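Each of the next two complexes has chain A plus one other chain: chain B in the first, chain C in the second.
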Partner chain A sequence: MSEVLARGRELRSRNRTRLTRPRTYVWIAGVVLLLALPFYLDRFWLQAGLFAMAAAIGAIGLNLLTGATGQLSMGHAFFLAIGAYGYCVFAGDGEGGLTGLGLPTWIAAALAVGVAGIAGGLFSPIAGRLQGAYLGIATLALIFIGQHVLFNAHDLTGGSNGRDVPPLSVFGITFDDSELVVAAVPFGASEKLWYAGLVLLFGCGLFARGVLRGRPGRAMNAIRDHRIAAGVIGVPVARYRAGVFVLSSMYAGLAGVLLALVFQRTVPDYFGITLSLEYLAMIVIGGLGSVAGAVAGAAVVSLLPQLLTRYSDALPLVSAPGTGGITPGEASRYLYGAAVVAVVLFLPGGLASIAARRSRPKSGHTPGEEQ
Partner chain B sequence: MTTFVELMLNGLSMGSVYALIALGFVVIFRATEVVNFAHASLLLAGGYFIASLHDDIGFWPAVLVGIAGAAVVGAAIEFLVMRRYRGSDHSVLAIVTIGVDILLTTELTRRLGTDVLSLGDPWGDSVLTVGSVSIAYTRIAAFVAAGLLISVFLLAFRYTSWGVAMRAAAESPETAALMGVRLGRVSLGAWAVAGGLAAVAALFLTVFPTPGLERATSLAALKAFPAAILGGLDSTTGALVGGLIVGVTESLATGYQSELTFLGRGLGDLAPYLVMTVILLIRPAGLFGTKELTRV
Partner chain C sequence: MSSRKSKRVTATATALAALLAVAGCSSKTGDGEGDKEDAGGIKTGVGVSAKTIDLGVLTDMTGVYATLGKSVTQAQQLYVKQINADGGICGRKLKLTVRDHGYDPQKAVAAYTELEPEVLGFAQFIGSPFVAAVKQRVDTNKGLVLPQAWSSNLLGSSYVRVIGSTYDLETINAIDFLMKEKGLKKGDKLGHVYFEGDYGESALKGSQYMAKKSGLTVVEQKIKATDNDMTAQVAALKKAGVKGVVISAGPRQAASLVGVAAAGKFDVPIIGNNSAFSPQLLGTQAGPALAKNYYVASPTLPIGADTEAAKKLVADYKKAYPEDSLDNGVTAGWTAASVFGEALKRACESKDLTRAGVDKALLTIDAYDNGFGVPQNFTDPKAPSSKESVILRPDKGVTGGMKVVEKPFTATAAEGYTAGG
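Entry: the complex of A and B
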């Protein structure tokens, strides 16, 4: 409910003419739809939606760094891993020989995000000085360091078997499969997490939008477009780069926590270089530098394999895993790989620019304000 | 001491292979200012050509076809994708190469599946022993071939008109174009050369003692990225030195890992990245890279 209230406050505080715009009603319809979905969808689709939400949070963070500031990062998966495993370590109860501090789970989640931020800060001597593709290759190191630690620090990570994720509990609600019947619909972990995910995604989106529209956002875009000029007019370039890197790591950390809660088990293989490339594909397909773009791209890239898996029987060329044909996972990688190339060549600005282009003639917005 | 010498020799040999990959990477960067993240998949493509042809047409013809095939793939990427980009932001082009990499790697790993393909090389697993030091013939072949190719390349880069055109294009594209250098042809050539070098590197990355061409080969190819970066992205000397540093570090870290068990297993894969991180902390432009100067 809280996001509806927040939305209402936001609407009242804005120009009244907004109420007459179709855009407003599309938003309201969208929010109502998202709130109602757990009552109708089965577990498979709720899980898929939750993955998309977690991915959207991570992609917003990466878009702040790569899209808005022009700093390519291939190390996003590392910070996702820190979030996921950090949460397990802080919240775990120390069973099975694994380190667990047994903290209340919501504190553990916050601490995990904090630790991801600190890890980003530790990398800042490099993140602040390097730019563009150089940073991209330097951050590759993070992936390999991360994989090494995940496989070798058995006490913390459980090695290659991974470790179980303790369920989150906030305000007396535990997000596990203990059933809670709401309006004759049994609410399991997915249904409850759905709302937590919505709240988190909405908060993260608003915060990022605030950053992008305000003074920091202008400074970040200035650094991306002309670093020297930005420095000359007084933007502390290295500090901003390092700061955005930390912020983006914290977004990734939060996405990691949410992913861990959805998976209910974390395994190190997942947090490899493919995951980093997926996040880059998301922001490029959705649109570099905008929150809406990150969310759209995350939805496309993370729902595509699920859709193809579900309907693999009905689709030509795609077959179930193990039968020799193109698996749904591979098919979706073909699609988003091609989409990355096509978007950069033919649709600079990504999916978000289509929406912006349609609304521009009426509202008279400049594309910059659509961020 | 014997172990140390063996590890150094193996490291230098692997390093020369990494240098081959890094050299192709640097050539593309100098000619077009694009960081090519699709390099690992070019290498995988070259290896795949050789692996799938050597049974039918013999090893040496297969190698030639593999080199030519990878060169064509590289040129095709330049011609079909890079050339179509109308903007001027080179970091966006780097992202395009990531898209190309996703496509190519998916296709090649799908074809490879879980197989480990042999490349049918004539050296097998025979070992040369001098005194108490023994080294595999494949490693010697790798070192000789890489050294030969690198020398030929550097000479061509310095003395042929192709090399002069490429260096001119790297120095100042506008001036070079006005002097009659055809920039499109230069970048096409750079991508083709990089593809060919990657195919040779693929051969030596997959011979004994490694099991053969498999999915993980593209991960091994990624070690050329730190090699190129720690030497300096725009320096051919840097690529050579970077490659050797990466090779030797990896070899020593793998060889002595029994004494370094407190750092965990598989340290050899990690070592090149740690070295790169340390060097970037001290010299952000790499060892031999030109420090970026900008006139405002």
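Entry: the complex of A and C
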């Protein structure tokens, strides 16, 4: 009884403190900053940011699967490809001998995510039964099958040269390069997509947070930590595993759609094993099992190479391409590898654990709580 | 509490209002750089200042085309150095900004986005899928792109111009050579080993077209870029009884194919596209077999050609990069840079150094020869700049490892060929 009262008091006080906590203001400032960026940054930065947002959505999905449920997947790139190409097929107008259904683009985007989910569902009999590294090996097969199909199913994928991505169009706004002037700033594709990306990322983040903090999240963590114990306390292990796999494929599909929209062209080379490994690196660097970690990791992994290439002229030890020595491309790979090793050695919880460590002594949250 | 809250609301509202006001001061407002006219009456635009002309180079020095990318880029840097030493073009120095994308689509597109607002055009862009990815944008911003890729899929834009014959035309010329000189005749079977992807499939279009025209049957063998052992392919082609083989793959695959065929006494002429050879192969075990039975079709004379320009380039390149080998990339890079330079010179003559001016100047170039034997014609955006090929064969004694066996020619079948059909 007294426990319930105490909890109620705590809740009320938490609501009150929410306005006085500095964290709230950091959030507000962050959101305002993100909303304002398209007015100032040029296309390169916006595009880099969009790549990071798409990667973040995909990484959140993978983190649900690998971080929270402990199921290793090497096939994430396959589902990204399904999202990207699915969108092109549903939205394309069938020109140039490529299959295109000519659906309204927002329906196409939703269908592409659905198809990625269905593909995940088809794989779920396997995903539900295998665990850990075994699932990793099984999903590896998806990459090879996917690459073969992407290169050879010409009518659907356009073969090695890929196919054009029709611009998204929602509520009468078309997300292409036709200029729209807002507050005297011309808005092209990147500026408009920036907001679409933010909305999608925010929605995906919230949803995943809800899943992780609720009953399913606890069940998933239980499966990760001790599969048999989870089964004994009544968690339907196979069903949960299969379900998480489908959910994570849908996240990947959405990330694929967003990526395709940013690229304006889908290219099969992109959806290879390297991409899958990059996504795994993102969640390791960011922190396994948390939404914030996935976002942070995605930002680091997708921005680092682009920054290094851009500022290669000014960096020490990195020489201009063509003069011998370490080129920026190589340098970013070294750094990237070093980052993974450093995180595993010194920050086993990933970047997200820095934030958690700082807030823990003050608010007294239990360490298990993640966001 | 409530007064504090309202204060906060006011603060937030003020911040938002201030933000919108500040947005007005953003450097992105207005259209920024318009076309200007300098003191000499020369119109300039993006990428051209009073002292420099900025050109972009999107290359691959760490990915699958690393060796090609390095040679091409160094040759272009050499060209720029020499032009600048002679006083530049239009009183302006050329400046190359190099970005290495490592054959990664994300980096390639990002690098294009970064450089596009700052440069007049691109003297190099490796990777035809990436060129295709930005093609729509190139068509709107009109900045000239000279891709280092010879796929027929890239034709058709006024601002993306392929230099030299495309792979399909090259393959037609190569088969024509086999028929004229190497005893391949109507009714024979012809083997074609090709890479999955743009390059191989482009070449396959050529061999299929030629087969239809000349009554040959093509025996296709599709391989992946990671397949290095051609034993299975040789066995299959031998079984099918082919009388000649075309290979549209990399140098390693060509070496394996020729070596395995020679070891198995499978004595048919083998010809490759220009990417299917590198001088380093001659030092390997397959060297003698290559020298005996292998030919290469190329869009220009080789680096070791007996012309003044080639000899000068060899000497200069060796001086600038003594440790690096001379290969096709050097010629290709040099040619692309000098075509861009020629377009700039002509644009300068008509006092228009804007992107539109350069595009217009390029369209007037109808027979430009920089000393590699093949005149380039840029007047038709739908066609590659030449339909000619040169047939080479490996020779250890020559610079660059290749000597000419057949001077530049166009097969009669290639004359009537268009990439679309």
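Definition applied: the second predicted complex is superposed on the first by the 347 of 371 C-alpha atoms of A that agree within 3 Å, B and C clash if a C-alpha of one lies under 4 Å from a C-alpha of the other, contacts with A are read in each partner's own complex, and residues count from 1 in each chain.
By definition in this document, a residue touches a chain if its C-beta (ideal position, glycine included) is under 8 Å from a C-beta of that chain, and two chains touch if they have at least 3 such contacts.
Bear in mind that the values here come from a model prediction, so they are computed numbers and not experimental data.
Student: Quick one: is A:32 in contact with chain B, with chain C, with both, or with neither? Answer first, second, both or neither.
Tutor: A:32: touches chain C, not chain B.
Student: Looking at the overlay, does A:340 come into contact with chain B only (first), chain C only (second), both, or neither?
Tutor: The answer is first: A:340 touches chain B but not chain C.
Student: Looking at the overlay, does A:350 come into contact with chain B only (first), chain C only (second), both, or neither?
Tutor: neither
Student: Could you look at A:281 and tell me whether it touches chain B, chain C, both or neither (first, second, both, neither)?
Tutor: A:281 contacts chain B only, not chain C.
Student: Counting only touches as set out at the top, which of chain B and chain C does A:269 meet: first, second, both, neither?
Tutor: second
Student: Which partner chains sit in contact with A:151 here, chain B, chain C, both or neither? Use first/second/both/neither.
Tutor: After superposition on chain A, A:151 lies in contact with both partners, chain B and chain C.
Student: First (chain B), second (chain C), both or neither: which does A:42 touch?
Tutor: The second partner, chain C, only.
Student: Check chain A for residues that touch chain B in one structure and chain C in the other, and list them.
Tutor: 151-152, 330, 333
Student: Within the complex, which stretch of chain A touches chain C?
Tutor: Within the complex, chain A touches chain C at residues 19, 28, 32, 36, 39-40, 42-44, 47-48, 51, 151-152, 159-162, 164, 177, 183-186, 263-265, 267, 269-270, 302, 305-306, 309-310, 320-322, 327-330, 333.
Student: Inside the complex, what are the residues of chain B that reach chain A?
Tutor: Spelled out, the residues of chain B in touch with chain A are 35, 37, 81, 84-85, 87, 90-96, 98-103, 106-107, 110, 219, 222, 225-226, 228-229, 233, 263-267, 269-270, 273-274, 276-277, 280-281, 284, 294, 296.
Student: Which of the residues in chain C come into contact with chain A in the complex?
Tutor: Interface residues on the chain C side: 5, 8, 12, 15-16, 19-20, 23-24, 26-31, 59, 61-63, 70, 73-74, 77, 98-107, 109-111, 113-114, 117, 128-130, 132-134, 136-137, 140, 151, 153, 196-198, 201.
Student: Along chain A, where are the residues that touch chain B in the complex?
Tutor: 70, 72, 125-126, 129-130, 132-134, 136-138, 140-141, 144-145, 148-149, 151-153, 228-229, 232, 273, 277, 280-281, 284, 288, 326, 330, 333-334, 336-341, 344-345, 348
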